[in-house]
Amino acid sequence: MGEAISFYFLASILTVLSIAVVTVQKPVVAVALLVFNLFFLAGVYALLGAHFIAVIQVIIYAGAILVLFMFVIMILNPDMDLKETGDKGKKFILFSAVSVGFLFFSFKMFEQMAPLTKEDIVSEILEDNTYEIGLQLFEDYIWPFELASLLILLGIVSAILISRKPSQNKSV
Amino acid sequence: MNWLEMTLCFPLLGAILNGLILRSESKTLAQIVSVTACFLAFFSALFLSYDVLTHHEGLKVYHLASWIEAGSLSVPFSFLIDPLSSLMLLIITGIGSLIHIYAGGYMSHEKTTYRFFAYLNLFVFMMLLLVTGENFLIMFIGWEGVGLCSYLLISYWFEEDKNAKAGMKAFLVNRIGDIGFLFAVFLTFKQFGTLSFLDLKNILLNSHTLTQEMQNSIALICLLMLVAACGKSAQLPLYVWLPDAMAGPTPVSALIHAATMVTAGVYMMTRLSFFYFLAPQIMTVVAVLGCLTAFFAATIALVQNDIKKVLAYSTVSQLGYMVMGCGVGGFGAGVFHLLTHACFKALLFLGAGSVIFAMHHKQDMMEMGGLKKYLPKTHAVFLLGVLAIIGVPGFSGFFSKDEILWKAFNYPVIGPYLWAFGTLTAGCTAFYMLRLYTLTFCGENRSDHHTKKHIEETPVIMWGPLAVLAFLSVFIGFVGVPAVIGDLVGIPNFFEHYLEPVIKMPHAAEENWHFLRDHHSHALEWTLMGTSTSFVLLGALLGFNFYKRGPKGISLILKKKFSRTHKFLTNKYYVDEFYENIFVTPLQEMSQFLWKIFDLIFINGFINGVGRGLMISSALSSWKNSGGLQTYAVFFVLGCLVFLGFFLK
Amino acid sequence: MVPIEHYFILALIMFTCGTLGVLFRRNLLFMLMSIELMLNAVNLVFVTASSFLGDLDGQIMVFFVITLAACEAGIGLAMVIAIYRRYGTINPDFLKVLRG
Amino acid sequence: MSPYLPILLIILIALVIGGAMSALAHFCGPRNQTAAKKEPFECGVPNSSRREKMSVKFYLTSILFILFDIETVFLYLWARVFKTLGWFGVAEIFVFLLILVVGYVYVLRSKALDWD
Amino acid sequence: MDLFYFELMAAVVKMCVILAMALQLPPIMVWIERRAGAFMQRRKGPNRVGLFKWRLWGLLQSLVDTIKLIFKEESVPEDADKVFFHLAPVLSLIPALLALSALSFGNYIILFDHEIPLQLINLNVGFLFILGISGMGIYGIVLAGWASSNKFSLLGSLRASAQMVSYEIPMGLSLIPIVLIYNSLELGSIVEAQANTWQWGIFLAPISFFIFLITMFAETNRAPFDLAESESELIAGFHTEFGSSKFALFYLAEYVNMFTLATLCSILFFGGWQVPFIPHLKLIELLGSHNLASFIGFVTLLLKSAFFMWLYVWVRWTLPRFRYDQLMKLGWKFLIPLSLGNVFVTSLILMM
């Protein structure tokens, strides 16, 4: 009961926020809404028993990645070119095509989804799954884990390289 | 990590370290890396061989990973260590290490050497792949790899057009052989369904009768493999690249074009001996081809003036011996000669390298002479090398060459002729080697004043390896003393027993090769040995006497007298020109013709037409290539949806 | 007990919003944010499946997705900054070097 | 009761407090706006647009923050299972840290963290 | 259902207590800061305001200040983004309160046969939640600076948030040895593991404590790290444009954050609600009452955090302010390597 209430509450907030994020005019507002969105999504994760993932979502996604967005907006102050460009009619046609495609596709998907049997569902919510996740990550996922560090390294290096001040002898 | 992996990975590691990672300006660092890599490989190979030969009954297959798995074709990365391959491993890494050390001295005038050493290490790695591969494809990787390294090293000083062309020539000529190899591989797979040497060996050794079709295809495989061996081991029609390959640095000539790579053909034939035994007619071809090559190359070597060219033709000639040895069924003898030749020819090349180094990269013997007193150490070891190659009794070359000649004599029908040519060749060899020696080291120095002033003995890093090789050249022959002598002095023939497990005669072939088992009288063998030795001594004497006063004197008279023959020989029987006229020029002309007809009119027309058509149609459709990122993305997403919808039905 | 389909529908809504945002907002920042939204929708599916099936693999995958998203956002935003500096706009309609 | 319910309560309470305070001030405080009050408070420096570009260093700082943040989270996960994994885990995390230290050194060398 | 309502009631009560603590923090702390500053500088400080004839060392000054703040005019700049201008103070208050309520203030007490832990939000991810939530506090600051449409505010907010993110990493890293040593993320069990006084975090992980102490100051933008509001450079930082009640809210959030970190420090490094040299279990035995022991533990914890609050004040009036480049250098080039090394060395020592 409580779970259902919480879920539908969070889901409706998330739906509204998701739509708002992509439709508002100002990037700052969008980022702020996205923060809320991610925060409430963490709530959904918690509802699903993924406490650790929920916290990670808050720490990294809401607490770090979106700070980055915020900073970029602050640095660039890009509200000057906010007007939407492009051929309205063409955009509308494509928009409806994609939307219809998604709708159609989702119907098909739910139609074809094999229903979960009772045995599939493990209803017990794992308590203290931090430990379990840790074990699994460090034992079964060693290589992805080490590769993740490489990915981070790559991220650091390329971000610094890209955002460096453009040098004087630019070719183009 | 087992010994095999270590053996293989050290040279590769050295190559990667030198060529890709360090790229060091420091010559010392580059050399240390590559010498260390090679030495480590040598020691690993030593342990590996010891391990396999003592603990695994001389045969072990290392299965590292699976590689190609397609239907019935299964080619794993597996490696075979048996007496033959461990012998090759030791030759390659051992002599390779010495040459690596030597190269440091020889290349000391270069600006950077990391590229050179990286290539050398890569070569060693490829060569190791070639000799340890358990199936045709691994061997083929090595086969192509050594070809590549050879190309890279021949044209190491690629700034000069000549060197680049020489590399190209080696590469292209080798391609002809490689085609043979590839077709042989295809045919093998078609016929036997496997590419593994051991499997093939088991199949063939245990079958008592073979169908006609099987026999034909075996003969064809052998023939194709012979083509491959001709390319790599510089046999008669395809030998032309080897003399030109001398354009590379001398250590390269020593390592690749004398000691190791060019012997790959002999190695391969020995590895496939069970095939060759089943194709006696092809064996005859092999024997004749080897014999002719040996003689032919020796005659050319008689008159060459470039010190490295002489050695190159000598190499071709010695390879001819080896191939002849294989052809008459004496694979063991061929490999034995391979071993001794690797030692003394490496020694000779490196010695020649020292001479060239001391003479400031002059290679013409006519400008040398009298180096005995300038380069005493080099002279001493070089002399030992000369004695070894011409086959003075007691030196290593004597035993191996004699073994081959004896095996050749026993060959039915054409055997005596082979022997006669072989003996003649031995005489020629003695002549031209003594000629080389005399012209280089004896008499007066003929170089110009400036050069003469700067001749000095090479550093220890260069003559040290030479000393080791000289030791080997003199004594390595005692591992395979022929039975007749061995019985006399009480030294058994280790080598024959050593290779016995590798060279097995299929049951189906035994009747054709009964003469190998026949007993021959010792007296006959002594007689033949005596004859050939006297030929050698005669040749040596002539060579020494003709040239002991330099290029003038008797040799000049002879040259005048037989001027046409001399010219013919100096121009190497006009083989290069022959090829040029018969193959290259017509090919070029035909290409020109085809280019004019097909390329310009048909193909260009077609392609331009297509292009024009596309231009028109793309102009029509370029509205959708707006360059707009998101427009593309939209179509991408729509495409994905259609695709998914297709699967979800 | 909320049926699993409802979680999926929520994820689908978020994903659709994200996709439409990427495709139709003429602003690189919005596009990046929409990508984040899409990634989160995927994460939601992972977590849902993981929770319903009692299998932690899904959650670990989310972990890696988040790592990836962090790097993606970092590099993407660096590119936004570089583009803004160079062209003075972050509207992809004005960035048409590839125009056919 | 779900441990998450209090979170919701706290959020609501905070909103209420914030709203109440604002409302109180709104109703209790005086209101007489002047033109000067509406301007940004900049201590007499001639008023300029706030549309001013900030240093890109802030961006670099925050991207590095993200990446180190992820690293921290991985470390927490590891710390939680540290006792179970033993030396294996230490070795694993050592490699992980080693790779990141490479990045860190790169950052230091590229002077991305040098303000001024 | 009964249980649910009982727990809900307990939660509400706990929440009220926490709120009471939080709301009385700024008045008292402001008074302490002013009095302490005066004391250190040989001044009198606020000492007039009192009740009738009792002056109470000027204690009521803060109350008067609060009332004054509410009755001040609220001025919103013309260009300001109205929504975020109003929302920003709340956005910095919410994380502060959430973090505060996730602290473990004491062992459980027993009421009506129910164990009630003295912790409002008890998640099994433990103090990771606190770290995550306090990271969310950045948005309040950034949005405040952005919304007030003032370049000094914006710069102040960027500085403040860059500083906060920079020091969040050493803070997070400095706590990993604690997890390694006590093998838990939950504050309750960490405190229980510190029953023996010599097992306190300060003794087992002194370097962690050192790093945490520094980051504590930096995270709350307090002196000597109060660059964001350095009046000589940036007027008053991100809350330049905020007056009246909104300013009060920022103040509240700041002090709550300070208190949270002070308490977290006491919990992780100073045994939390363990009375020094008397393990909690022994205390229960001595007193014969669970609830009384828990209460004493609670008071002990408050005293410990009071010490750190005092430290905040003390440092503020003692140390000069950093320069911004020095601050970043300290964070990135000293604390991060130090804390990484600390983590690694600690793990090695533990493995030995």
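First chain written, first letter: the chains are A, B, C, D and E, and each begins at residue 1.
Please note the rule applied: contacts are C-beta pairs under 8 Å (C-beta built on N, C-alpha and C of every residue); 3 or more make two chains touch, one makes a residue touch a chain.
If you're wondering where the values come from, they're calculated on a predicted model, not measured in any experiment.
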item: Mutual neighbours - chains that touch subunit B and subunit D alike; value: A, C
item: Winner on C-beta contact pairs when A-C is weighed against C-D; value: A-C
item: Chain of greatest Cα-centre distance to subunit D; value: B
item: Of all other chains, the one whose Cα centre sits farthest from subunit E; value: B
item: Whole-Å separation of chain centres (CA-atom averages), subunit A against subunit D; value: 18
item: Where subunit B and subunit C are represented by their mean Cα positions, the distance between them in whole Å; value: 59
item: Rounded Å distance, subunit B centre to subunit E centre (Cα mean); value: 79
item: Computed distance of Cα centres, subunit E from subunit A, in Å; value: 30
item: Shared-contact residues (touching 2 or more other chains) in subunit D; value: 4, 50, 52, 54, 56, 58-59, 62-67, 69-70, 73, 80
item: Where subunit B touches two or more other chains at once, by residue number; value: 628, 634, 637
item: Sequence positions of subunit E contacting 2 or more other chains; value: 123, 128, 154, 158, 162, 165, 185
item: Pairs of chains found to touch, sorted by chain label; value: A-B, A-C, A-D, A-E, B-C, C-D, D-E
item: Subunit D residues touching subunit A - in the complex, by the definition given at the top; value: 2, 4, 50-56, 58-60, 62-67, 69-71, 73-74, 77-78, 80-81, 84-85, 88-89, 92, 95-96, 99-100, 102-103, 106-107, 110, 112
item: Complex contacts: residues of subunit E adjacent to subunit D; value: 3-4, 7-8, 11-12, 14-15, 19, 69-75, 77-79, 86, 89-90, 93-94, 97-98, 101, 120-123, 128, 148-155, 158, 162, 165-166, 168-169, 172-173, 176, 179-180, 183, 185, 235, 240-241, 244-246, 248-249, 324-325, 328-329, 332-333, 336-337, 340, 343-344, 347-348, 350-351
item: For the subunit C and subunit B complex, residues of the former touching the latter; value: 19, 22-24, 26, 31, 92-93, 95-100
item: Residue numbers on subunit A that touch subunit E, as the complex places them; value: 26, 28-29, 32, 35, 39, 51-52, 54-55, 58-59, 62-64, 67, 70-71, 74, 127-128, 130
item: Contact set on subunit C toward subunit A in their complex; value: 1-2, 4-10, 12-14, 16-21, 23-27, 29-30, 32-34, 36-37, 40, 43-44, 47-48, 50-54, 56-57, 59-60, 62-64, 66-71, 73-75, 77-82, 84-86, 89-91, 93-94
